[in-house]
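Next up: the structures, one after another.
The two complexes that follow have chain A in common; it is paired with chain B in the first and with chain C in the second.
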Partner chain A sequence: MTTTTTIVTQGRRIRRRVTWGAVFGWICLGIAIAISILPFYWVLRTSLSMNSALAANSSSLLPVEFNLGAFARVFGLQSTEEALAQGGSGAEINFWQYLLNSTIFATLTTAGAVFFSSMAAYAFARLRWKHRDLVFGLFLATVLVPPIFTALPNFLLIKNLGLLGTMFGMILPYIFMTPFAIFFMRQFFLNMSREVEEAAMIDGASQWRIFMQVVLPNAAAPLATLALLTFMGQWNEYFWPLLVSDESTRVLTVGLGTFKSQSPQGAPDWSGLMAATLVSAVPVLILFAVFGKRIVNSIGFSGLK
Partner chain B sequence: MSRMKKIAAGTVAVLSVAALGGCAGGDDPNTIDYWLWDANQLPGYRQCAADFNAANPDLTVKVTQLGWDDYWGKLTNGMVAENAPDVFTNHLSKYPDYLRFEQLVPLDDTEVDFDRYADGLADLWVGQDGQRYGVPKDWDTIALFYNRDMLSDAGISEDEMAELTWNAEDGGTLEDVIAHLTIDSAGVRGDEEGFDKNDVEVYGMGLANSGSGMGQAEWSWFTGTTGWTHTNENPWGDHYNYDDERFQSAIAWWAGLIDKGYVPRLETTVGASMPDNFGAGKAAINSHGSWMIGQYASYDGIDLGIAPTPIGPEGERASMFNGLADSIWVGTDNLEGSKKWVEYLGSPACQDVIGDQGVVFPAILSSAERAVAAYEERGLDVSAFTEHVTDGTTFLFPITANAAQIDGIMKPAMDSILTGQADVGSLTDANTQVNRLFEDAGEDAADD
Partner chain C sequence: MTTSTIVLGRRGATRDGGVRTRRTRSDIKIALLFIAPALIGLILFYFVPTIRGLYLSFTEYSVLDDPTWVGTANYERLAQDPLFWNALGVTVQYVVINIVLQTAIALGLALLMQHVARSTAVRGMLLMPYLMANVIAALLWFWMLDYQLGIVNNIIEWLGLPRVAFFGSAEWAIPTQALINTWRHMGYTALLLFAGLQAIPGTVYEAAKLDGANPFQTFGRITLPLLRPVIALVLVLTVTGSFQVFDTVAVTTQGGPVNASRVIQYYIFQKAFTQLEFGYASALAMILFIILAIVAFVQMKLLRGNESDLA
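Moving on, here comes the complex of A and B:
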């Protein structure tokens, strides 16, 4: 007990000695935090403002004519007439449908990509076959191809398959793998100790069983990281869903376009746009809150290996 | 092994559900899909759709609204994917391309009375083959939106605003007004001694963009007063006139306003909204189209005035006359129903409903008067827009082939003039490039 107290008091003394440096550090940190939080605050402030009053009070730090009309527009609780009266876009947004579509799209592509990519990664890391590293090199090289290059061929393929406007057509290009995911998992598998797998092999387990019952459970942490990263990426995906989706399969990112300018050279419904942005970011924020620790753990975990 | 099967079966099940779910939006031929981009008009067209359904119980109209930016992409995409709407709101700058790809249904055999609409509106929608591809729905002209408080502070009367003059040499009384309304951060006006053009607080006139090759709301309202026209004939001209001295000197005057500090720099307009800047009190006058009346009227704390565009060297005002129309897509699954709907959209019954909403001027002039009355009820005098039509000072939106390529040439050309990187003389080169498009097209046609 006594020892601990001494250490604490000593610690306090040390802190007091560097007060000025610490104060400076805290100020710097505070400024950095303020700078990174300010845009989010601005989103919140704009979303709580009356759109018609925004232009005249563009530098106001507090919401202008505080009201929740923008959020009502997002959830489709406001009639077109009301929205227009508030300077809103008046356009209809089928928020819950878009939210559901976004969730299905991001979840299915994430589940598919993570599962199939880890299978491929396992093959690249553990199975021995001819030209394995060459194929892996080629695979990795596709990271260099900008996604916009594949958009048109993919679009034509999906069109010819008659899948335009369907959720299936939207997830198809993402469901099997991304080169990054394969690379990420392969590096992890390479660092895993072989002994456990070899033990399983001696016990007569097949490759599939080793993969499913030994390798995957051991890779839970990097899988979670990968899933989270993929999910966030897919949640924010814009261009492909814009090309392929129709009204019934439209996702949130595309749906947010509703709040952009409705006529040429018009002004966007800023408060509606910001409210919708905020609401659509919530699921990802929740994921972070729940799984954030997991990411940190997984980094620590891979660091230890 | 059973586990693997379970997973495989699960995956397949999930994928098929997803696929089926996506297909659920089945097409009912008795439902006419109708698209428009302006949310302000949604209530009016909903009403039209309901009235139409009451008269034709077997037909339902589904009105879909998409913002301008997404509208054209989704529409073209839909034509490729063969799920475009049966009927859609069409724009003059886009329809030549749809004609070229044979995406529109000729409307000559409908029961639409094409003589019913404001002069010239129906002619805009006659293709090069002489057939009609659009039923006029509304029109727009250009006027000057101004901030009443700023004008009274500057001692400029409404009467002065109503009789502005313009010429390319000294800018006429328009430039005097713009200069006087410009104020730097020290409170010095643009026409006073010591004005700092690099530190302007309020610009005399706002800037949306360089106007590319059309300049509808940006510059066509003053270039049009010189007797200059975009093309050799309209519609379907095959020669552009950007090399004309009258056009070039008018643009030189305009670009000069930026140099004098009366108009914001082009760079500052990127990602910004000209109406929002007006709403924020950063500009005193904005030239804009009648489709923007609602937007300008929506800003709190702005006492809005609307003045006609200035009288030019030839003694008249000028405004581009643009008209939207409804077109039928060739892939419609109910041609007869679509025609009925288009006929109804073009009828006084529907256009009166739209007029009463007071958001646009319907193509039938008696319906447009209802719109004027509806604006008046909201305290807005929109005569600056309608005068162009009653006085006959409009010229039609230039329709030619190759609209997208022309835009690709003229936007950078006009941008570099406004940013001071090029002289107006460079427009002659741009014009040569533009006109080459038509020569090439002619050769291609000959090859075919």
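Moving on, here comes the complex of A and C:
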């Protein structure tokens, strides 16, 4: 009897959803998706437009006088006269250099932070020692300190070490660990089966060898997710590189900021700026296209547990 | 048992796999080796700077010569600094707009993800803005919201309304920054809440349905209360993150027009790096630190975020 009622009510609910709820829901979702995605189209449309012609056709849905001049300007392939004629600023921007710096900065800090954090996480999950949980708590407590608070003394430290403007000084604070990475990997190690490690231990392998040859290969999936999240975060980092980098070590985010302020009094070079913005976003877009599912599924985990 | 452990050492302990024997073993030397790099990072770039920052906040320090101890002078000064109070007010305004808009929109989106479209593609598209750097989000909207050529103002005019100076007017500067941040974070926050929704067991909803609860009752009496720990976490993340707004302001309005968008972190940045008042900037940063700690503590207490009704 109860079963029948359940089925009936469920049937009714589903039918009502298709007519009202679902339509309204899809409209809301559609609007949210449009707001999230359409700005990227507008960036693309602007970057493919002729900057000098943008003003007269500011509402045109397609690129205005389609051309690749903006991208040529970004990569320094255009002569100054040509750039000025197309509505560029004529100012130079070392985009290749910034791109290279961003890649080095994000790659080295990710590699270091992921590896060293995994080591620490292993010690917190698997090894037994006094005050282990207290020390782990100290690591976690650092998330409470706002980055600006430590950034000022860290800047002074890097300055005292004579490392201002160097790549080494820029990566140093990030390369040893991030509290999130330690937390993330510890969580994984805690749930990992001990069997393989114990077999290796019986064979007389040292803890270090077990970690390098048994534990890390088994943790490939979470390591990849962690590396992905860390890399994207570092690629987008702005404040710290702004403080310590100079022209030769400037990363893309900081370079974009200066590109904008370099525009001369007249009309800004919107096409060039949007082309630069798009190119800066490309590495993250590629990672997202390839690993989208992994990234989306990691969000609930990273925030909650 | 214990004797055999001592005789056989670590290998013996593992072989019989007993819990008691493993507990007597200490890996302190190996453990120190494993945490050494992370520990260096923790001490060098978190502990030392925290103490040094606290010390600097009691000094006058222009970087060019040594810091001189001035006691609580910096704190007395900031209590009477109109620009500090302005920065605090502006930041709070930014935080409030973010909390209200972001949480409401994200909760709506999370429910839609749960009930209408569970596909990863939909979630991926909503997450896109979050993957972009703040600088990119800022520049993108700086262009779309431009007074003369921006598409948004074109649409506003087409609707028969007057154009809005999103970045150029004092009343719009902060709401605009908050809207950009909401745009970037709404999908991410929605995904966090969605993960929380999925953790609520279906049996609870079935029971409610059998009792004849309508969708609004179900939402108010079941979904919201059971989602409380996740909402608490989301609020703490939103509030502490918003208090530290810097990137979008630095790229677009740079604190202007006049002081309308000089948020607290931008004010600290200017004091330290353009006016070289590191002592005063450290005191300002200390206040921000204290505010954030209090906010996080109060929110977790009020929302009892660390305990779930499901347990």
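Keep this in mind: the second predicted complex is superposed on the first by the 240 of 305 C-alpha atoms of A that agree within 3 Å, B and C clash if a C-alpha of one lies under 4 Å from a C-alpha of the other, contacts with A are read in each partner's own complex, and residues count from 1 in each chain.
Going forward, a residue touches a chain if its C-beta (ideal position, glycine included) is under 8 Å from a C-beta of that chain, and two chains touch if they have at least 3 such contacts.
Since the model is a prediction, treat every value here as computed from it, not as a measurement.
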Should A:Val145 be classified as contacting the first partner (chain B), the second (chain C), both, or neither? second
With the two structures laid over each other on chain A, which partner does A:Leu84 touch: chain B (first), chain C (second), both, or neither? first
Looking at the overlay, what does A:Phe184 touch: chain B (first), chain C (second), both, or neither? neither
Figure out whether A:Asp246 sits in contact with chain B (first) or chain C (second), or with both, or with neither. first
Which partner does A:Ser52 reach: the first (chain B), the second (chain C), both, or neither? first
Is A:Tyr238 contacted by the first partner chain B, the second partner chain C, both or neither? second
With the two complexes superposed on chain A, say which partner A:Ala123 touches: chain B (first), chain C (second), both, or neither. second
Hey, is it chain B or chain C that touches more of chain A? C
Which partner does A:Met274 reach: the first (chain B), the second (chain C), both, or neither? second
Does chain B (first) or chain C (second) touch A:Gly257, or do both, or does neither? both
Dual-contact residues of chain A, meaning touching chain B and chain C, are 54-55, 58, 159, 175, 208, 242-243, 257, 260
Sort out for me which residues of chain C touch chain A in the complex. 10-11, 14-15, 17, 22-23, 25-28, 30-35, 37-42, 44-46, 48-50, 52-53, 56, 63, 105, 108-109, 112, 115-117, 120, 122-129, 131-136, 139-144, 146, 148-151, 154, 158, 183, 186-188, 191-192, 194-196, 198, 206, 209-210, 230, 233-234, 237, 240, 243-244, 246-247, 250-251, 265, 268-269, 272-273, 278, 281-282, 285-286, 288-289, 292-293, 296
Along chain B, where are the residues that touch chain A in the complex? 3-4, 11, 14-15, 18-19, 21-25, 37-40, 42-43, 64-70, 73, 77-78, 80-81, 83, 208-209, 217, 273-281, 288, 291-292, 294-295, 298-302
Within the complex, which stretch of chain A touches chain C? 2, 5-6, 9, 13, 17, 21-22, 25-26, 28-29, 32-33, 35-37, 39-40, 42-43, 46, 54-55, 58-59, 116-117, 119-120, 122-124, 127-130, 132, 135, 138-139, 142, 144-150, 152-157, 159, 172-173, 175-177, 182, 198, 201-202, 204, 207-208, 211, 232, 235-239, 242-243, 253, 256-257, 260, 270, 273-274, 277, 280-281, 284-285, 288, 292-293, 295-297, 299-301, 303-304
Sites on chain A touched by chain B in the complex: 50, 52-56, 58, 65, 80-81, 83-84, 87, 89-92, 104, 108, 112, 159, 163-171, 175, 208, 212, 242-243, 246-249, 254, 257-268
